[in-house]
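Heads up, the next two complexes both have chain A, just with different partners, chain B and then chain C.
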Partner chain A sequence: MTDPVAAVEIEGVTKRFGEVVAVDNIDLAIGDGEFFALLGPSGCGKTTTLRMIAGLDLPTEGSLRIFGEEVGMAPPDRRPVNTVFQAYALFPHMTVRQNIEFGLRMRGIKNPELRQRVAEATGMVRLAGMEERRPDQLSGGQQQRVALARALVNQPKVLLLDEPLGALDLKLRQEMQQELKALQREVGITFVFVTHDQEEALAMSERIGVMSEGRLLQVGTPREIYDRPASRFVADFIGRTNILEASVESASTVRLDNGALIEAETSTPEGSRVAVSLRPERVRLQPRGTTAAEGSSLDGEVRDITYLGHAVVYEVAAGPVSIEVRVEGEVGEPFAAGDEVTVAWDRGAAAVVAD
Partner chain B sequence: MGPARRSSPTAGAAGEEAAALARRRQGMLLASPGALYLLIFFVAPLGLISVYSFATRTSTGRTSLSGWNVESYRALGDDIIVGIIGRSAWLATLTTVLCVVVGYPFAYYIATRPRHVRAVLLVMVMIPFWTNALVRVFAIRFLLGSNGPASALSESLGFGTFRILFTPTAVTIGMVYSFLTFMVLPLYVALERMDWSLTEAARDLYASGAKAFWKVTLPLTRSGIVAGCVLVFVPSFGSYVVPDILGGAKTLLVGSYIARQFRDARNWPLGAALSVLLIVAMLVAVALNQRSGSGAEDGSRPRNRRRGPDQGEAETVTAVAS
Partner chain C sequence: MSGVVEVGLGRRTRRGLAVWAWVVFAFLYVPIAVLVFFSFNASARVNIWGGFSLGWYGEALRNDVITSAIRVSLIVALISTVVSMVLGTAVALALDRYRFRGRRALDGTVYLPIVIPDITMAVMLLVFFAEAFKLIDSFGPRLTLGISTVALSHIAFNISFVCVVVRARLDQFDRTLEEAARDLYATGWQTFRRITLPLIMPGVAAGGLLALTLSLDDVVISAFVTGPGSTTLPVYVFSSIRRGVTPELNAISTLMLTASIALVLGSLALQRRRASASQQTQIL
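This part shows the complex of A and B:
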């Protein structure tokens, strides 16, 4: 880590529930002011990791530091973090104001500071005028704002968000993505959020940690995760991709199992079994015979065409493998099912991933 | 086109009305056996009691239905009767409070166990409830008797034998034992429906475990507490068997007093008047409970939406039935 002190530092943390290993020996450092996403399918341990940072679950092993201070075994009320819960967990028997005040009151903060901070927080999430309503009188988006205000009013060092947008419909979710990003820039604190939605993670976060079966598979910027996935799982989980079985021929070439030799940079030793990830939108479809100046290609036959409005997806059979090609921004459909075609891509479009 | 248009909605409305009438008839048909039963064996006797409460007791102890008066109600102001009512109210209050104190942690424990353990524990709560009340009270009498095991244990520990039977303490113990189930079940239902992420949110917002309980768990289970209190207070106020058997009828309570008016003293009008008073008091308590119950439901609605309505009760019912 380049930062002198990480906002959250997780070292060798394991969480077991009886026989089940929910989180398996994780190391992770999240920088000060970072917008970090923990991404993975349900049951991958991302929520448990977040709950351990919050103190709602305690690690079985390992060390957890917040701004250098060991908090692994501290109860949730002794940690400088606050949580936006998945279904918001707003107190139904309290008004919006009472919900937002709760944390401040628990820490003995009195008027006028109390009133001022509540007013600031309600203004920040644009809830002014709703203070006397009860949570069940609010829409889903408004409840979400109350949950945010209730956490942020405490000025935590780290804000934890558990699937914060999961309960909202698509349009509202996209709006809230932008709002959350703006909010994070405004308050400047570290946001750690958990999601199973890879698009959301790519769109919102500065860095992503991809988890599966309790392990942290890869940590990187959205671009790194998307373009240079470290494993077959990451390549497959983030976006759509074509996975082609291959073995390494040299440092710059791999041979696909159908015999074709393609260019791809790899540090994996010669002869080892690998997979090649080819993004559908990074490959082109050409009439058979036209050769590309550089890069690689595979011959095949169009099997199926799916029209998506903004894009057309071709399914091309290249020997035993099937390759998805996504063409955007093209007028008309130059190819029909049964056409002999060549799938071509630029050098660097193919990513070699370890198994 | 005009007339056709006009006539068809009218026909539709008439059809709907007929359908509604048919539905209402069907509903009445379904309810009638139960309604008839309640009418004959509940409403009619209650009516009779009310009528008797305005009657006169003759010098020979017979009830004269001529000459209506409110003498019996006036007699309720008598010092002895006021004392009896006060004592009964105190015992019922004590029983209710002890039931909350004992029952809440118990219900909390059950509600926070894994699902299959909960079902077993609930059945264990229900077993004494299914046992004959008289048998249970006599069991307590045996336990607390001066030759009973409790006394023997105390003697073997060097505290000497004790005489607890036929004291208010024995009555209180028996009452709490008899009515605890009525407290535990509504509390369990309330706690089982509790959304525990709310207490987690409270902990996350700097509340200690105890603060989270007082500020979140307790207010959100208030409906269960109120329901349990009504269910315990009402029957223990008029309770007759427990004080009679464990109290040795030494400390007179309302239930025993009413029974005595009907059986021994042969003052039916007075017994009837006292009964009417108890019934009215009970109705008031139930009405208050209903009001606070609906208020608390407002608070829990968003949780219900998430978990499916009335899952809690459904589970209790199945657990009890199995």
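This part shows the complex of A and C:
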């Protein structure tokens, strides 16, 4: 980061639970006011990373700073961060109001400031009028809002969210995605959220950190992560993709294992083994013989057609490899199984990823 | 229940079972009814009805030995309940949360007082007190069996019962609630005081109620470790029965019965209130 002071700065942090390395030497800087997602499959260390920022787990090695202040070993009550827990962790024996007040009371904040800040927070998450209810009298979405208000009322410098939408059904989840984004813009603080849902990460965050097996594989904007994955894992984990084995021929060409030479920018040295990631929606299907002026293409035969309503997915066999082609917004199906076709794509659609 | 579909039972079988149920019922409750009935007997002869009278209740409550025994029982029950609630909850928390040297051994042995026969426990405690007194007396004081040894013994078995009940409650406890409290600036103690304790309180209270009942009820262990002037009510009843049943004993027993029924009804009412509260929340 070029920012003078990052909101969260993680340097060489490792977390071991006995023999198991949950987080393996990661470096990460999250900017002030950023909406940042930690994305990865379960067990990749993303939640442990979040818990270390919150102070619920302590790093085995490394340094962790929040706005320049070293907090790696500080207990959670000494950090300017608050957490929205996965299943909300609302206190069942307290009302909504008592839940929201809890953090303020623990810090000795008294009326009238207490009352005013609670009112602000309940208003912000549209919970006014529900203050005297208990958590089990609320719907999942409302519980989520209480958890948000309970954290935000403390005016943390960083809000941590652990799979905040995981417990909601699809429709509510999409609604809450928009609401969370709006809320983050409103309060203007850094949001760090953990999710295993790549669509959620792409839709919500300004930057994404992809994790796997305790390591941070790539950090970038959703577009960078999707279009220029840094590794085979990232390419495969984010969205659907075709992975073609290849070796580097020159700085602008790679040779696929089936012999075809295609255009693709790469900084990997000549002769290295690489993989080429081709997004199904970035490739076209053409009748055999109509080669495009620029870009690359592969000849093949349509094997299978899957109708998805808003899109049609063709499975094309090109020699030993199978390529998925996704066509959207086309009327009818111009190709049938068994047709000889050419799969073509523009220069730049193919991304070379290291192994 | 009338709504249940009965399968494969003939009418005669059903009638037979109903009769049998009444026999069992009578077996359980007729002795109690007899006891209560004769406690109101005006006659001094236990098994001959001489008209209704509350005289034996008055007689019992005027008897200094009996009122003293009642007092001892209540003091012992109260002290042992409070102490075992605190210690039993502490043990349950330690076993649930911490990994320490000897944890597994403690985990296995903490329940022993529940399964050990009362008589073994009684002999064991008596021997323990005798040895301990010998040791302490060598430094000067002359300790004897009395109300404190009875209370200590009751604490010794009550801890186990409280511990079992509280651990069952802790099993369902969601630890992220404590993390949430820590995240919201609560210190370790505040977290325990505001979150953990209120949420396991039903278990602690249930354990305490159990301890209270067991303490008020105990004969064998108390009889062994009691000393002069510190006889508990059950021990008094047991020792006087050897001199024959008197209507006075009937009256005392009825009083004890009433007290324990009141305790059970109280705890049931408590549970029902909690249950209906949570039912209400489900409807909403």
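The rule is simple: the second predicted complex is superposed on the first by the 355 of 355 C-alpha atoms of A that agree within 3 Å, B and C clash if a C-alpha of one lies under 4 Å from a C-alpha of the other, contacts with A are read in each partner's own complex, and residues count from 1 in each chain.
Going forward, a residue touches a chain if its C-beta (ideal position, glycine included) is under 8 Å from a C-beta of that chain, and two chains touch if they have at least 3 such contacts.
Values in this document were obtained by computation on a predicted structure and should not be read as measured data.
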| item | value |
| --- | --- |
| Fit-or-clash call for chain B and chain C when the two complexes are aligned on chain A | clash |
| Which of chain B and chain C A:Gly12 touches, first, second, both or neither | neither |
| Which of chain B and chain C A:Ala87 touches, first, second, both or neither | both |
| Touching partner for A:Gly103 - first (chain B), second (chain C), both, neither | both |
| Contacts of A:Pro334 with chain B and chain C, given as first, second, both or neither | neither |
| Contact residues of chain A, present in both the chain B and the chain C interface | 54-56, 75-77, 81-83, 85-87, 89-93, 102-103, 106-107, 134, 136, 150-151, 154 |
| Contacting residues of chain C [partner chain A, same complex] | 174, 176-177, 179-187, 190, 194-195, 198-199, 278, 281-282, 284 |
| Chain B residues touching chain A - in the complex, by the definition given at the top | 195, 197-198, 200-209, 211, 215-216, 219-220, 298-303, 306 |
| Residues of chain A defined as touching chain C within the complex | 54-56, 75-77, 81-83, 85-87, 89-93, 102-103, 106-107, 133-134, 136-137, 150-151, 154 |
| Of all residues in chain A, those that touch chain B in their complex | 54-56, 75-77, 81-83, 85-87, 89-93, 102-103, 106-107, 134-136, 150-151, 154 |
